[in-house]
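Below, each structure is written out as structure tokens.
Each of the next two complexes has chain A plus one more chain, namely chain B in the first and chain C in the second.
The block that comes next holds the complex of A and B.
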């Protein structure tokens, strides 16, 4: 199980394919071409024409065409994407590609499969390959291979964690037992995964930008502690035999959660999977929904049944049950919860808080602070401010800070030596100070020009503020 | 005298992307737009009045994708009516109609089946029907099913479909062929439904 690095010369062939494939460059999408043909035509005509094109493509497949679906290894644009994700079977059968049509990428995926089976044949496991600026990260999850190819410079552990999140999402749709059964019966997994592309696309995007996933935690909605307690009380009072967990969320933030039975709590990874479903499906907003879902960390062999209903514009109630028949019972519980919330006049306060929950560093009154991440290690809840200048101005800057945090989090948590208690990073662009204890992790960002003394003082103030303020994180 | 209130459970079944969710959205909110692949099932309800009776339609919209076929049983169980949809322009979606009709007659013999061809507007714009009308009629006869053609884009026949389902159901309950669910509250009570055995029979 040791790290396997295939020698550079073996991978150079792959690298050349990634860069020198300009031979077939006649690859503008159909719509682009037709726009050129129409020249300086009437704008309305043009938009109608494009609309009809989109209509055609969507009636052919039944759904609007996926972005980048026309790209493959013969189109140079395909090689411009910074981060590719692939899912294939152990035998190399394509299942999913983040960019491009997986069937057209058949041969490419076969070569990925060859790479991992080459190493496997010597009873080892291929973890990653470095080729120039590109990193190929592999995880093997029988019977699936997941591969990420990235030139983003992210640490291996972080990419691996993202691949594991994506694998968990596949399990949540099908369960591990079903996936194995499908492969034993030699079916095409894609038939069963139909329509899952969108959830995978969204989840990949999420793993690339969400601090709570980065910290392996659940982000809390900022809410007055008394209101939060009343909500938790209401949730725990309204229960029935089959009800396991009640969750109240807003977007991908947790308002309150209750565990009704003596079962293990839900892991943050499972909660992120559920939140991704809820956020990616606009139709949940319109009616009550009842879906089978597998939570891989809870039980990867069977389905739980999830009742989903939006109580207010941005407040969604999730009830997890172990019985397929309990929909109407849970629907009654929802009605009672919503009555309780109204009676105790929590609704207005809750909706006001949901609208204003974001906060910036200035809310903390800590001088010189640019940004911070806080995670409670025992509850796995996290909180962090929204970006403020200089990060809020450019998307690029946000991404850069995200990538920097990735490296620092990786360094303090995954280093082979004893875990760090404190860590001080300074570069031309920022200073980041980290404190890790059994109870929490705190990462705080300052300007690189700040003196060490100021940084330390502010850091202490910030830690005090977080422990004192009981609204930003679930206590 | 207060109006009699009855609950009616309707389930939508059919091949992926035929427009099941669109029918429901058109009917319940009067809108037509982008929908996403349904996962699991979605429940919505609407009140309709048939003569002196107030019918609370509980509509179950199900996922058409193959992986949910096994769980769809739990959505159509004890349903009073099933809308089995196919895309008028897509032959493949028609093949699934027989599958569902067969499964429904096997498992829920009392259920009233409505075979609904969707995307009628495409036919009106000149597309050719993928399934000959005679074939549809034959299948409908075999399963004692009703036939509808709807367009969620224009709204054509959508309300009519649900109104007919409600009226048919009232007729059946008044004839005494199906027990009346006279639950005074508007909440569907699963327990009382399970206790009442349906007597079978179809008009």
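The block that comes next holds the complex of A and C.
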């Protein structure tokens, strides 16, 4: 039900832009001429369009019902949630609450805003408050306040990073300049974000278990290196003037990507936002789609245009363009890419890899290894096995290991004078050993009863295996 | 290139009573003590209001443990609620440094450690409480006005001597150094003290032995663990008995003619009573005030307690002569033990702490050069992990190629540092094994 509703919303967007394109199709030559200059000016500013949309969406009937929406500060259960997220304006106007209806939480949100404004009056910024097992984390992103209240024991730095991700997600829908414009025009941001709740809910859920986000990296699909190279060649051969990046993804895993212009690469955070967006919208599976999207780390003031098309059941092509009118051009490129893949008969191999991506630690042949995370620090690509026993048995165990990794990653990285070169941690439940060099970071989990000698030997073997196996990560 | 760092410093410290100043416009009446006085009354009242608001807000989620720490870009605050309606707030300025690429001065927000700050604010209260009793009981005996005056004269000098840029793991462990003695000398001292105790108790039943120190090491205590910790801390860090004995910034509590405790510097008398009979300070141990007598004989310090009502009867000359007799001979042996301990300690850089008896051992001088900021911060982090039960062993190789190995076994914490750049984790592990074997052999087989 929810899906359809959002899909409708987005289809409207798509059609609107495409209609534009139709009426301008005679001036195609103009597009062709406007090459290479990739400054902010060329990325179309959709402020007016966005503002005009507000009136439409505010007249639309209410948003779909969400879980726990009947709760607020008057229901004791509301306080029992382990991790609350709130978005509000600087003046305390509610915009989003993970649990409960944000309008009913009006007074509570006002007090949240008071918390941070106390400190602002002395030209300072509130970071976080600790009370027993609870942490209250605040970030200020003019004109928005984002707050998390959690008793999950996560390090402050990690929660802060999650709030920054959420802020980036909002920017991706609206752009920073539009958010400001909307506030200046005294519109209710909620009307504009209508339907975004679902993406925020999904994204928050994801940040609580996704290792690639935790490592600030992009997870790679496990794929034979020759096949991957052929795909990359195809992607880089099929281009047009407006095309900036081509990405081939499977779920939230990267198959291959190509940067076509002299422009900064996409940051992991932006790629996660796009992946989340694509995965949360089921209608993208049915047809080619064309949407404006802002990539906050790439340019937070304007939109890029994203062509989305599923080539096969779980393989999705993403083409990023700086021209609002290039839909048909990109559609042709898709057709050519699709043909190339078939001609080089790599489709079967690719689909097989998609189905067989998941691997366990036994695949590495490293003795005693329970789990590991690997990140290439220069490319920001990562790989990790799925959980195997003891972690695959209980959800609680998975969560515990995830929280432990959060803690250790924070210790090892987040501070001046870091990263540490080696880090070795033992508790009653596991031993985790970490090595960080300029090139990579590797976290490996063992039983706490394993001797240091065994742990160290296995760790060395694991590192060798990762370096040798060239299918596990994009080289 | 040296980066000019402005170290952490005191922002403000306030004690307030939340049940005062309830009416609008009278909120400033809540304040019992505020330092520094250079901050105007409006801002003082503001800081109280903000603290109360944070407490109220966080209580919604955590009713039993409301707001303990507040971190802002510029400050780190710790809150303590030591008595009903009484709150203490310690706000520290975060250090600043030229960090990041654009050569701008920025706040270093993760340097001030929560556990250390909490310990510091607890110590402020405990020191007050030990020499004055609880705030509210003093209010009920006298008045808020009187308490404000007394806080001003007692807390202000204490706050002024805290060096906020030099608080470290030793502050948060708050341990006691013990002098390992062989059985004979231990029993001899035990016997001496027992005989003194018995002799005086026969006429003055409230007279009792408290503790005996050699330099900065505890030899024996008959007090409860926490009381021992407080008085030990007072003697070592304030009065500065021990290696810093000739330090000029000593502080000790003395009662003035109004029977109010005041701070004074300690003179350099090396044998005799530290404070004379007529101005002995009172200490509140186990809820009731007792007069505290400290006798020093060279590097040995003996502490006795007596009920104020029995005090006039106590013959100080008799006490001192019985102590001189006994301890003249022991001093030399104690010096030998002390030197032996120091000798072992030269070999390793380590910190050993036992939570059970609060014993701490370390050759590293607090605030010494072995503990640079980075190492200190790392040790704080590891200690926090141990406290939180997250970990039992941590080995780190830092960017500067320093190995730090930390273990927690039951109630014991052991930290050891090596600067062998090229060792592997297994070689370091061997080194730790050797060091611990030697260490525990030394600790127990004496």
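Keep in mind that, in the parts below, the second predicted complex is superposed on the first by the 407 of 475 C-alpha atoms of A that agree within 3 Å, B and C clash if a C-alpha of one lies under 4 Å from a C-alpha of the other, contacts with A are read in each partner's own complex, and residues count from 1 in each chain.
Just so we're on the same page, contacts are C-beta pairs under 8 Å (C-beta built on N, C-alpha and C of every residue); 3 or more make two chains touch, one makes a residue touch a chain.
All of these numbers come straight from a predicted model, not from anything done at the bench.
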| item | value |
| --- | --- |
| Simultaneous placement of chain C and chain B on chain A, clash or fit | fit |
| Partner chain(s) touched by A:282 [first = chain B, second = chain C, both, neither] | first |
| First (chain B), second (chain C), both or neither touched by A:134 | second |
| Partner chain(s) touched by A:363 [first = chain B, second = chain C, both, neither] | neither |
| Partner chain(s) touched by A:325 [first = chain B, second = chain C, both, neither] | first |
| Touched partner set for A:452, first chain B, second chain C, both or neither | second |
| Partner chain(s) touched by A:90 [first = chain B, second = chain C, both, neither] | neither |
| Which of chain B and chain C A:193 touches, first, second, both or neither | first |
| Contacts of A:111 with chain B and chain C, given as first, second, both or neither | second |
| Minimum C-alpha separation between chain B and chain C after superposing on chain A, in Å | 34 |
| Intersection of the chain A residues that touch chain B with those that touch chain C | none |
| Residue numbers on chain A that touch chain C, as the complex places them | 73, 79, 111, 114-115, 118-119, 122, 124-134, 136, 149, 151, 153, 156, 404, 407, 411, 415-428, 433, 452-453, 456 |
| Chain A to chain B touching residues, read off their complex | 59, 61-64, 173-174, 191-195, 198, 277, 280-284, 286-293, 303, 306, 324-325, 327-329, 331-332, 335 |
| Sites on chain C touched by chain A in the complex | 50, 53-54, 57-62, 64-75, 99, 108-110, 114, 374, 377, 381, 385, 388, 390-401, 424-426, 429 |
| Residue ranges of chain B touching chain A (in the complex, touch as defined) | 16-17, 21, 24-25, 28-29, 34-44, 61, 65-68, 71, 74-75, 87, 89-90, 122, 187-190 |
